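What follows is chain A paired twice: with chain B in the first complex and chain C in the second.
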Partner chain A sequence: MSALSDRPFLRLFVSPAALIAVGFSAAVIAILQFSLRAYIPGELEPGGFSLGNFAQMGKPIYARAFLDTLLICIETALITLVLAYPLAFMLVRAKSRVLKSALLVTAVTPLFLGEVVRTYSWIIVLGNSGFVNSVLLNLGLIDRPLQMMFTTFGVVVALVHVTLPVMVIMLSAAISHIDQGYEKAAASLGASPARTFLTVTLPLSMPGIIAGVTTAFAWTFSAFATPQLIGGGQVNTISTLVYQLGFASFNFPFAAALSLAGLAFTIIVLALFKRATRPLEQLGGQA
Partner chain B sequence: MNRSPLDWALRLAVVAVVAFLVLPAVVVVIAGFNDRAILTFPPQAFSLKWFERALTYDDFRHGFRNGLIVMLWASSIALTVGAAFAYALHRYDFALKHVLESVLMSSLIIPHFTIGLGLLMLASQMGFGRTFAVVVFCHVVIVLPFVIRSVYISLQNLDQRLELAAASLGAPPWKVLVTIVLPLLAPGLISGWLFAAILSFNEFTGSLFVTSQATQTLPVAMYNYVREYADPTLAALSAIYIVITATLLTVANFYLGLGKVLNVDHAH
Partner chain C sequence: MSTMLTNTQHLAPAAQSSSRRNTPAVKIDGVSKAFGDTTALHEAWLTVEKGEFLTLLGPSGCGKTTILNLIAGFLESDRGEIFIDGVPITDEPAYRRDVGIVFQNYALFPHMTVAKNVGYGLKMRGVPKAEIAQRVREALELVKLPGYGDRKPRELSGGQQQRVALARALVIRPKVLLLDEPFSALDKNLRSAMQVELKQIQRRLGVSTVFVTHDQSEALSMSDRIAVMSAGMIRQIGSPTEIYRQPTDRFVASFVGDTNVFQAERRSPSTVSVGGVTVGVRSTDVYDPTAEPVADLFVRPEDLAVADAGTPGTLAGRVTAKVYQGGYTDLYMETPFAEGSVMARLNGQDAVARWPDGANVGLVLPASAGVAFSASRDAG
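For the complex of A and B:
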């Protein structure tokens, strides 16, 4: 009894979570199983053991999709970082409570709107008779609509909007943990505001930058509605290909193999990123 | 006040980023009032007919009802399971603690299409098909990290001496839990539940894989609508969405202090 009461409720509190973890793991294992089975055209049931799905991935269209997805993820994560930083900084340092709340709600609301509403909104902004084109046409700056739909540019713009809120949250968390005494010390020693920011604030917020970029990358990789609707078939990402394979061709074994490869790809890229940024993260950790 | 050029640059940047964040919402709301059936900007004449269609369209009504059912189950399960797990995570060491934590938090990194595809395959192997149970499970997996994080942060801000005081006065563990811990955790629990509910209601990619015509949730119905029609019905529906979500978050921020829950607000 005494050993139990040291940690009351332990078993009761952990078991349900463990059950969900088991179910979730079983789903990932199901993908693994399907990816190793042969595809029989016209059949929903997969055939016997085969490595053919992974061999097919060498085809140029899939290599191309991996490369395009990687570029879209990197561009999105970096642009998001640059846009989110000033907002996060202001959010943490603003003196007025009202301004703080307004910035927080503005920054966080898009996160909760879901991918479909946001993507649809961007279709109206970027479309040929949409907001941007009609403003530019009316101002006489262009004489025919700019093509932004069905381009990688359009996809990246909408994806930046998707990842901005979570980046702001992660950067704000890091910036709010910075002891402003360090900045005051730098300033009192004669550092200019720009120098103080570059040599004190920015390095100290590095853990937030790394966490934010990692999450933005993973979310961009995960995005489906945005590349599907704004890319309109002209921009192929891993997510759109997995969906087409599964629900247009009913080739579930290959869809499984491709999403597994995508998962491995994300994990490898993020592990490399983590490794490359380790010295930078320690910069923040030492303070 | 003497402001440096850097200060002005910061303000300008923030204004530009806020404009970028808000622009699509403003544009979509205006487009929802467009009188014509083709999406053009700016609207020539205004009408409410697309709002009427959005609120009466059958697939949206079913989607809304399905989404509500899934949301209530998924967010309540995620809250109970996630809060209990966050408590154990914060207070105890136990076997496989880090493995369990990594698995449950990994749905933040694993693409939702992979989660959806995996659950679809698992369900078909086990003979479940695309039932509500599978959709709810999918949503629980996806929203659980947000609940765990939100409750864990609240636990970190909790003064444990209050529990020790209650215990030393003879309160049994369950009484400490119910009368001390739960009330003090209320803001974290409520906002964790709120996050889970909103995220579940709006979850699209995972739902697309695990729902059928009979169980499709609102975002899936909306996605199917965009692919078939080009009229502003969806703009009207998006406008309703935006207003409700922004209102909920403003109210939540007022009563719960979202800054604390999201860990972005620290009093030094």
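For the complex of A and C:
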């Protein structure tokens, strides 16, 4: 408050953010008013005020979708974390420049390809006559193709690939801030490399882990192209349902209600996550 | 019962060390280390006796930190062998060396309390919880921080953090304690207080200590012996008095303590003359009668006296500045027999009053307190 009145030019700096905030709020308000109107089948214009959209959400199919989406998000975030941590660690600590560049290219280039392109490449890999299945069939390890397309497994694999670059970037930022003097100190006090990692390096990278998991979760929750293309209607997440309701059934009011519920759901889950990880966050609490 | 057990465990390391009382705590045999084309350490030979406080003194890049890292196991030597307590440890990883280290920036784990920091090494050794608590308490009492166990390192001042770092290194009863410029981050008053305290603790525990510093006054005041290093080589090892009074090397003579350099000529293996005045020297390099007789005579400021101008047996000089230091006064003079200015450290008030700025004086060289080294030898 006082910073703004002391230095009036700071108001200017805030204005782009304010502009976006206004636009975003307007969109949310528009969705909110749609969600509170009745759906008239066969009409694009919604009817009068109604709470019916929210009441419908209690139906098992939607409750199921929330649960499935939550599980997909948790699985994706955790698998991404497990895969990204060693990558990020090597990226920060590797001595060889060649190895560092190779890791950086592998980890970060997917960012430049968009979600849809990456998802299509997974269709080529996971399909019944795709890369994985043809290799396994030719090796004689299986006699029938494994069903990976249109399954939750396939969706999670592709989502992990989509979220990995961001996780690697966030984790390596955290790891690069860990003074290696702490690890030397641990070694001098008798800690083996494994115990040094578990008692010093990992706790000190906790802020990065929490930030990375939060981002991966939110990102996965809102992912649309990947579950839509790989799931092919067999895997329902909140975002694919919103799409189907809005653009296949033209039930805009219910689609609006469902997306608002999804937003609220994400906020609640992340708030709970933040509360649960507060003690962990303080582990890495160095200035 | 439990006290009995604890006591036996307390005694165990002491009993073991008494059986090998004559084994040096650390022995470094011809160890070399290079980083690429740069030689960081060239054939170092060094022993640290049990209970000894040995200082590695030298300018930055002289190889002192390399020795410390080699003992700790953070670096591998290219050649030579290192023994701790008589056991070769060159192939042992850092975490199996039983070495306690106080780092320059302390490296206290920021995510652990003071007690957890101090107890870390004991936990890694599988010491039972109750004994850890007991020993951590004792260690914190030793460094005068009782009751600080529950604080986080960031809540402590620099001096307190250093005490915690010291307690953490000592609580494991290391075979050798390594101190890496531990005072450099402290302000001047705190630094001298901590120096005295560290020395007292070291004495009381009798822990063999290797101390790395570039501060020569710190080295002189704290050490049992000092190893002076430059350019990857140990130039001289000796007691503080030997290092200060009888340097055997040109670099040592100029690096440790204030000194005046006179241009001299060698007269015999133990005498030199400056401007016709012949004096004896305490220490010199090899005298070669066939070589050029040019030498540099190093004289400490407190050994240089001042007399009235023209007094026989003195060197002509002129006062250029006086710096009053409280207990003594530094009198700066110029003389044709030294390249830079020379300085005499005088005690008496009246002596100082006698020679105002610009006064002509006679410099009195000490009869045999200086040291001489060939001028042609490199300064290192």
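Criterion: the second predicted complex is superposed on the first by the 270 of 287 C-alpha atoms of A that agree within 3 Å, B and C clash if a C-alpha of one lies under 4 Å from a C-alpha of the other, contacts with A are read in each partner's own complex, and residues count from 1 in each chain.
One rule holds for everything that comes next: a contact is a pair of C-beta atoms (placed from the backbone, for glycine too) under 8 Å apart; a residue touches a chain by one contact, two chains touch by 3 or more.
If you're wondering where the values come from, they're calculated on a predicted model, not measured in any experiment.
S.K.: Look at A:Leu204 in the shared chain and tell me whether it touches chain B only, chain C only, both, or neither; answer first, second, both or neither.
M.R.: Once the two structures are laid over each other on A, A:Leu204 reaches chain C alone.
S.K.: Contact-wise, after the overlay, does A:Asp179 reach chain B, chain C, both or neither (first, second, both, neither)?
M.R.: After superposition on chain A, A:Asp179 lies in contact with both partners, chain B and chain C.
S.K.: Can A:Arg7 be said to touch chain B (first), chain C (second), both, or neither?
M.R.: After superposition on chain A, A:Arg7 lies in contact with chain B alone.
S.K.: Of chain B and chain C, which one contacts the greater number of residues in chain A?
M.R.: B
S.K.: Please indicate which partner A:Leu36 is in contact with in the superposed arrangement: first for chain B, second for chain C, both, or neither.
M.R.: A:Leu36 contacts neither chain B nor chain C.
S.K.: Is A:Met149 touching the first partner chain B, the second partner chain C, both, or neither of them?
M.R.: It touches nothing on chain B or chain C.
S.K.: By the touch definition at the top of the document, which applies to A:Leu159: first (chain B), second (chain C), both, or neither?
M.R.: In the superposition, A:Leu159 contacts neither chain B nor chain C.
S.K.: Between chain B (first) and chain C (second), which does A:Ile72 come into contact with in this model arrangement: first, second, both, or neither?
M.R.: neither
S.K.: Just checking: does A:Arg195 make contact with chain B only, chain C only, both, or neither of them? Give me first, second, both or neither.
M.R.: After superposing on A, A:Arg195 lies in contact with chain C but is clear of chain B.
S.K.: Please write out, lowest number first, the residues of chain A touched by both chain B and chain C across the two complexes.
M.R.: Looking at chain A, the two contact sets intersect at 179, 193.
S.K.: Show me the residue ranges of chain B that touch chain A in the complex, using the header's touch definition.
M.R.: So the residues of chain B touching chain A come out as 4, 6-7, 10-11, 13-14, 17-18, 20-25, 27-28, 31, 38-42, 80-82, 84-85, 87-88, 91-92, 94, 100, 103-104, 107-115, 117-119, 121-122, 125, 137, 140-141, 144, 173-174, 177, 195, 198-199, 201-205, 208-209, 219, 222-223, 226-227, 234-235, 238, 241-242, 245-246, 249-250, 253-254, 258-259, 262-266, 268.
S.K.: Spell out the residues on chain A that touch chain B in their complex, using ranges where they run on.
M.R.: So the residues of chain A in touch with chain B come to 5, 7-10, 12-14, 16-18, 20-21, 23-28, 30-31, 33-34, 83-84, 86-92, 100-101, 103-110, 112-118, 120-125, 127, 129-131, 134, 161, 164, 169, 172-173, 176-177, 179-180, 193-194, 197, 214-215, 218, 221-225, 229, 238-239, 242-243, 246, 252, 255-256, 259-260, 262-263, 266-267, 270.
S.K.: Which of the residues in chain A end up touching chain C in this complex?
M.R.: Residues 179, 181-182, 184-193, 195-196, 199-200, 203-204, 282-287 of chain A touch chain C in their complex.
S.K.: Which residues of chain C touch chain A in the complex?
M.R.: Touching chain A: residues 72-74, 93-101, 103, 105, 107-111, 120-121, 124-125, 152, 154, 168-169, 172 of chain C.
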